[in-house]
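Multiple structures follow.
Here subunit A shows up in two complexes: once beside subunit B, once beside subunit C.
Our next item is the complex of A and B:
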């Protein structure tokens, strides 16, 4: 009986792997503007595929289209987990082009804000239709309890998507991991610095475990 | 719908209070239209029972589509757990209703809504001023 069960388990593991090889899980990287989503997506892509996903910037709404990096193979403890990572535009309920006019001409600021609104709408759509799991990235130097974060986490939970909370920018002095753990105690929080590459082992362990 | 109105002297705020019963009869898109039409008029819309996560997601999506430079910058949303607001508070008394644990939700235009921020006493101050 033990033998049969063992056989059954290993067959189902093999078929699982077969199917998941054909159809990698699509993991959406969500979070507010400027949290470090693209920096994280680039680091993951560079670590495992050699190339980047998109551009990073201190100006919010740098990412204005969801961008996908396919077939990222992450190796953990002899096992390979294949995922597609989707870097999304930072989600917000408001965009004012005047936020960007210090950094650029009005025409460019207006274009940036229009693209940002389209990108956020697209990201919301992806969340309802096209992702199998979510990495929710927060800047750990900022207050995590915002309406957008609470709402987005609620939306993700209502879709029963597996979610990991990434407390990014732990290299900053004001960073507080506890503040994030306390805000979302129902979810696993993983501290990291996407920019410095701190704690990436734990990041990949968690990705493999949650989304593998 | 009940409205706490003030004379149209230009510097007041109109509050649209939408009861749970009223919302129950509407489709998701009708709810979103009701909210955004109010917000486009410069009103603060207060929903007795809030929105479902799916409706919140669509509200963000439709809001994004309607943002237009110099005209509409989007929305501000605050939600308040019913346990905090029920009975004891001005808003709790105002909307009355049963003891459902649905969350009270206030939505307003992004550019005018700094006052909506943080706590429910502020909204009640806003309402009672009228």
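Our next item is the complex of A and C:
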């Protein structure tokens, strides 16, 4: 893309937003711990802004505070959709420091556990107050029918929030997209691997369509 | 009396509905929780309403009252249900003093203000530790010179001043025999962590502390709560953020 065209597009986007009453929609990335929420948030943010959102880790509850990446402009089919991405801590009904003791000292594990609990409380608060739409991320190699998933999707539905279910980690051998589609047939399921960048075009098409 | 506004330090009894619409005095919407029976080992300078800081208040009051007999009955008799006194620091003033500058205020005024602030009770409720400590009057022999006493209250409560005699005041405050005794008193009835945990669980149906570092969460309750839990501690304290909409309504 030439410099002039880039500049023109940038001015055009700024003008569009200037005359638009709509604030960017806040899209919360929700899901259980270790589903790949931060990896997805980083993938989206890097693809469209060049920056990352947060640190990824194989240890659950790496994200213990909601993080927001504002004004992520996603271009699809000549249109630009601007959203704020909110990467939230993994939601769970139990947090146990013993999950982390293989990776760190007990004191650190206990602290991580407490912060993770606060993070879940914060994530639930954001769901109530601060999100306009939800990307619900699931590990497609895991059974999707859990108390947490059922309850959270029920809450999201009760609020009439637009929701996309992302079947993440399709690069894993145990991945099953159908298992997720069968569990939540009322919602659009999008397969992807945020880590490998697989099927991201379909991901962005759906984000633009649902949240644009 | 487990709730305290983190902005102006106003305290609220357990179950008070006043705080539900934000602090009536300063409009602050962050409160911290300090169980009436919580342990006294916390640093008093943290601003949390621990029994240590509470139990110091009667000693301060007694000391100051002893200095000024005319105000003695007023201090001990009216403190529990006193409204914001004329001499007390207003929240706005307090905010402006966060840099620790009190150079424009005489030591006596500072001491009176600090005392009044500590005794700003809302519904006339006073916990047991407070009542016991209040009735346990120190003898005049135990008190330092009255001229420095008010200054000691000032320096201990406010921490930092820009007065030239600041160092002397700090020493006076630390050397007071009653000061050290009062601080250690609450340890005698220090509750166990299990009791505190149980107390927290009663407060929070949404988060249950099974053991330190082990939690069970009621997602529906967390979602239904309008206030936001921003900090959770093993010793039973918590900080919540009251929504602005509560304050506005």
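Brief remarks follow.
In this section, the second predicted complex is superposed on the first by the 190 of 212 C-alpha atoms of A that agree within 3 Å, B and C clash if a C-alpha of one lies under 4 Å from a C-alpha of the other, contacts with A are read in each partner's own complex, and residues count from 1 in each chain.
The rule is short, and it goes like this: a contact is a pair of C-beta atoms (placed from the backbone, for glycine too) under 8 Å apart; a residue touches a chain by one contact, two chains touch by 3 or more.
Treat the numbers as computed from the prediction; the structure is a model and nothing was measured.
Once both complexes are superposed on subunit A, the partners subunit B and subunit C clash. Look at A:92: by the touch rule set out above, it reaches both subunit B and subunit C. Within the superposed three-chain model, A:129 lies in touch with subunit C and out of touch with subunit B [touch as defined at top]. Contacts of A:150 after superposition: subunit B is touched, whereas subunit C is not reached. In the superposed three-chain arrangement, subunit B is struck by just one stretch of subunit C from 2-10, 56-64 or 200-208, namely 200-208.
Taken together, the two structures place residues 91-97, 110, 113-114, 117-118, 120-121, 124-125, 127-128, 151, 155 of subunit A in contact with subunit B in one case and with subunit C in the other. Residues 91-98, 106, 109-111, 113-114, 117-118, 120-122, 124-125, 127-129, 148, 151-152, 155 of subunit A are the ones touching subunit C in the complex. Contacts from subunit C toward subunit A in the complex involve residues 206-207, 212-220, 222-226, 228-234, 243. Taken together, the subunit A residues at the contact with subunit B in this complex read 91-97, 110, 113-114, 117-118, 120-121, 124-125, 127-128, 147, 150-151, 154-155, 157-159. Those residues of subunit B whose C-beta lies close enough to touch subunit A in the complex are 52-54, 56-58, 60-61, 63-65, 67, 69, 73-79, 110-111.
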